[in-house]
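Read through the structures below before going on.
Each of the two complexes below includes chain A, the first together with chain B, the second together with chain C.
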Partner chain A sequence: MSMEPIIRVENVSFTYQVSQDQQIPVLQNISLEVYPGEYLAIIGHNGSGKSTLSKHLNGILTPKEGDVLVNGINTKEKARIHEVRSRVGMVFQHPDNQIVATIVEDDVAFGLENIGVGLEEMKERVDFALEAVGMSAFRHRPPHHLSGGQKQRIAIAGILAMKPQCLVLDEATSMLDSYGRQDILAVVRKLHGEGMTIVTVTHHMSEVAEADRVVVMEGGQIVLEGTPREVFAHQDRLRELHLDVPDASRIAALVHAELPAFAPDLIHNAEVVAEVGRLYVRQAEASGS
Partner chain B sequence: MSAEFELTRNITIGQYLPTASVVHRLDPRFKLGAFAILIVAIAICNTYVGNLFALAVCLWLFQVSKIPLHYGISGIKPAIPFIIILAIMQLLFYGEIANGGTVYFQYGIISISSESIRLVIVSAMRFVEVIFLSSVLTLSTSTTELTHGMERLLGPLEKVKFPVHAFALIITIAIRFVPTFAMEMEKMMKAQASRGADFGTGEWWRIVQRTKDMFPIIIPLFNVALSRAEDLILAMEARCYMPGASRTRYTQYKAKGIDYAALGASVVISVVMLGIPW
Partner chain C sequence: MTQPIVDVQKLSHVYMQGTPLSHVALNEVSLQVQAGECLAIIGHTGSGKSTLIQHFNGLIRPQSGKVIVNGMDVSQPKIDIRSLRRQVGLVFQNPEDQLFEKLVGDDVAYGPFKMGLPLEEVKNRVKWAMDLVGLNFQEMKDRPTYALSGGQKRKVALAGVLSLQPKVLVLDEPTAGLDPRSRLELLGRIRRLNREEGLTVIFVSHNMEEVSQLADRVYVMANGKAVCEGTPRQIFGNQELLREHHIGTPESVDILYRLRERGYDINPGAFLPEETACEILKLIQR
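Moving on, here comes the complex of A and B:
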């Protein structure tokens, strides 16, 4: 990928000040680039710094050392923070805690009101965003009548309305039931298909398998990086880091240990089925001839 | 027993009753303005006939807004003790201040005159009228419209650096989180009750005991509220919220003829009410 990255994280370190003489280092000298149209997953167990890193991507936190550049704009530039935040939108974990208004469409418009978009354009963008997440029918509802997945879709709509280039999901599916999660993943998949850059921080390995690239964090540092297939090949290493692998990877590794013909590097359920099919057909052919 | 924990079911935020009447469709800015004028007029009006007229106007408003009168009456019920206490105080101690008229009875500082009797009756009527009016207003206007209307009406205060928008946002967020916290509280009550806590079983006059019973709910609720607030701030900042920055508005109101008519009507009614000499 030779194009310019949307987000460039350069040697970033961050510490939380606990008391006057006690600091907890959360990020240590991290460098990372996010490219346009990419689907990046950040994983790591609790306290690995992944959420802190994601909060640096749109200037909610600014690095103690190093810089974060969004389209060349340093997130430390207070005067241009609006530009950064309308380019990199962020959806948080708790669906209830990010909805501000008492009516769905008012909430979707909240970010637009903040950046001073005119009325006509605002209406268009609210329509567009609600349509994109499939919530147009709910526009006049109060948010407390919606399910968790629906609330989270509203939160995404509120970000989409601002026409960001990059959507950061900070454990956005972790409070949802599996139905709500599927819902959100479908929306994210669709947006990515339309060219949106996605950065997702997650615990769910099935979500990670969909990404183009995975970054594994531990103790405030990036310890593994690569495509999901490359990363999930290091099952022992991941286990040391208290991380799971997708069911498909685990099954493939188990079968591979007994039957070496079975491919070990599978990450999607469908691949397991295809691999079983492939071996089954080969066997049938062998016994048939 | 189970009903005690069903907090979310009983929640009415505001008490909007959608009957799609003319009153419901009024521009909230004009509606608030008109009701404010009427309430001020009622507060000034101290004649029997004027107040009877105001009462008639209130009943007529229930009629026009297609709201059953019992909604208004149920609003008066909790106020009855206050009205009675107020009436007794005024009857006994206002004879000196409300001078003029014939004195019927005098003993020490207690003095009852025709004027103080009039004051008692008029202020009881005022009470009822104001409750009726505010019932019609809140029953015919959603909380969202109320906050929007209020924000627009207070708009000019921004010139003297009063943070009108922040004020409206605080109200909006408060309303937005009422059901969330009700649900939270319900969860906590159930959790504490399942571990043997007692709620509301003590006698009602043992206020201290009953307050203490609520501590295991109130303290975690505060805790949750603070962490939610922190999340909300992050989410608002991520969507470019800057306190005090100028913003555009998604909801726009455009006054129609009927809105001006309503405002005009409230002025006329007020003038008539105050013009009645008896």
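Moving on, here comes the complex of A and C:
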């Protein structure tokens, strides 16, 4: 790809020091590029290093070895960390840990106050951000009365107000019920459609199916990479890596094993339904003639 | 039927009662759990699930109605609350909330140690509990709790509760944040505790795959009421009920519903992927 990446992870290694003489390696010489407008999913079992990797993308963690460059800015440059964070925003797992203010609109404006944005522009940006996540009607409410999904949308609005180019979601839906999750996925889909770069770390394989590219991690390294369809074709390999495929893929593979005409490489529920329709019609025609 | 191990009768709870922010969390909820059962409680965010389960070990006392656990009336201020909490182990949604020792082994040992058990017994229980949740005792006992992954923290929190050898295990979102393998493994372990050790299990979940795989019986909560009860097959076969109460379905059930909406003759209760595949084969191989 000739396009310049937004984020360039170059030969990054990272260890957690657990005691004076014991270190746990978490990332081992990882290289990864994230391109503008891309929707990238990072998957891997608990402890594979994916969350640590995602925290390197906007300088929450900095590499022990190697470099992370965000639009050419090295995340080790402490003086420019605000620039890095305004370009790459991050949403975490627990909605409650990300809400700081007692009124929704104050919470969304919090980051802007910190970087000294003027009142007029602040109001515009908060309006835009709340609108983008569909939470304008809640702007004067106290956030602690909102559902988990609504709180996560507020957290995303706080990030959007900073006008980042890239949104990193670190298991942002794992504490939500399925309706809350659908809310967040709809917001992310819309932002991506408008050109936002998305990096999502998730255990939900049906979410992974929505990405353009998937990176699979194991032992602090990238062990598999491709489109969701390519990656989910490796059902056995994924199982070895403690991962899974979407139910749609599993069901398609099961049907395919009995009936080879049924496509095996389906990853979305809608595709399974459409494939049933295709074969149903074909079968009806065959028995009719 | 025998006396239920957990018996909830017309339980109500109002948060911030008497203020303008007063909010009814539970509205005359009744439910019964038999000893040895594995029961799921599902419902939309804010339906009262978490408030309900906090009554089971006396973290919240009934404002009105009754909660009787293994013969102990939780509404009585004089009951032996420590004995109640030994019988009913509660694992919270965020495992970080219940890890407070620096080392894994110490954290799991905390409960039995406080019970005044002899050191050898404490050690045996810690080993037993860590083994049950799949944490290697030798390898993990001296690991600092802050250096654990989310999945490992959850296992430590569960081991800490199991080390008290409770009769009833109450879990709030037991596998949220776990990878698929750890999720299956933990579900398998919980199921074994339930089937082989006779532990009564009550869990709250919004992961419908988990509910379909683990529960014998499901209560559906909505607006502070227990609105419906049945087997997972009965509950997931009832699309109207799930829609009305904003409850998601397993992915497989979503496929079945979509097929049914297109007019195919299909059984929406066939929620295991193998069953869904069979239903599909039946359709296109007539």
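What we mean here is this: the second predicted complex is superposed on the first by the 288 of 289 C-alpha atoms of A that agree within 3 Å, B and C clash if a C-alpha of one lies under 4 Å from a C-alpha of the other, contacts with A are read in each partner's own complex, and residues count from 1 in each chain.
Assume a contact is a pair of C-beta atoms (placed from the backbone, for glycine too) under 8 Å apart; a residue touches a chain by one contact, two chains touch by 3 or more.
Just so you know, these numbers come straight off a predicted model, no measurement behind them.
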| item | value |
| --- | --- |
| Chain A as common anchor, with chain B and chain C clashing or fitting | clash |
| First (chain B), second (chain C), both or neither touched by A:248 | second |
| Contacts of A:158 with chain B and chain C, given as first, second, both or neither | first |
| Chain B versus chain C as contact partner of A:111, first or second or both or neither | first |
| Contacts of A:94 with chain B and chain C, given as first, second, both or neither | both |
| Partner chain in contact with A:286 - chain B first, chain C second, else both or neither | neither |
| Touching partner for A:137 - first (chain B), second (chain C), both, neither | neither |
| Touched partner set for A:3, first chain B, second chain C, both or neither | neither |
| A:86 touches, of chain B and chain C: first, second, both or neither? | first |
| Which of chain B and chain C A:122 touches, first, second, both or neither | first |
| Chain C clash site on chain B (candidates 2-10, 56-64, 74-82 or 128-136) | 2-10 |
| Doubly contacted chain A residues - partners chain C and chain B | 93-94 |
| Parts of chain B lying in touch with chain A, wherever the complex brings them together | 13, 143-144, 147, 169, 172-173, 175-176, 179-180, 228, 231-232, 234-242, 245-252 |
| List of chain A residues in touch with chain C within their complex | 16, 18-19, 24, 44-48, 51, 93-94, 147-149, 171, 174-180, 182, 203, 205-206, 239, 242-244, 246-248, 250-251, 254-255, 258-259, 262, 269-270, 272-273, 276-277, 279-280, 283, 287 |
| For the chain A and chain B complex, residues of the former touching the latter | 55, 58, 60, 81-82, 85-86, 89-90, 92-94, 96-103, 105-106, 109-119, 122-123, 126, 143-144, 155, 158-159, 162 |
| Residues of chain C touching chain A in the complex | 44-46, 93-94, 143-144, 147, 149-152, 173, 176-183, 206, 208-209, 246-252, 254-255, 258-259, 262, 264, 273-274, 276-277, 280-281, 283-286 |
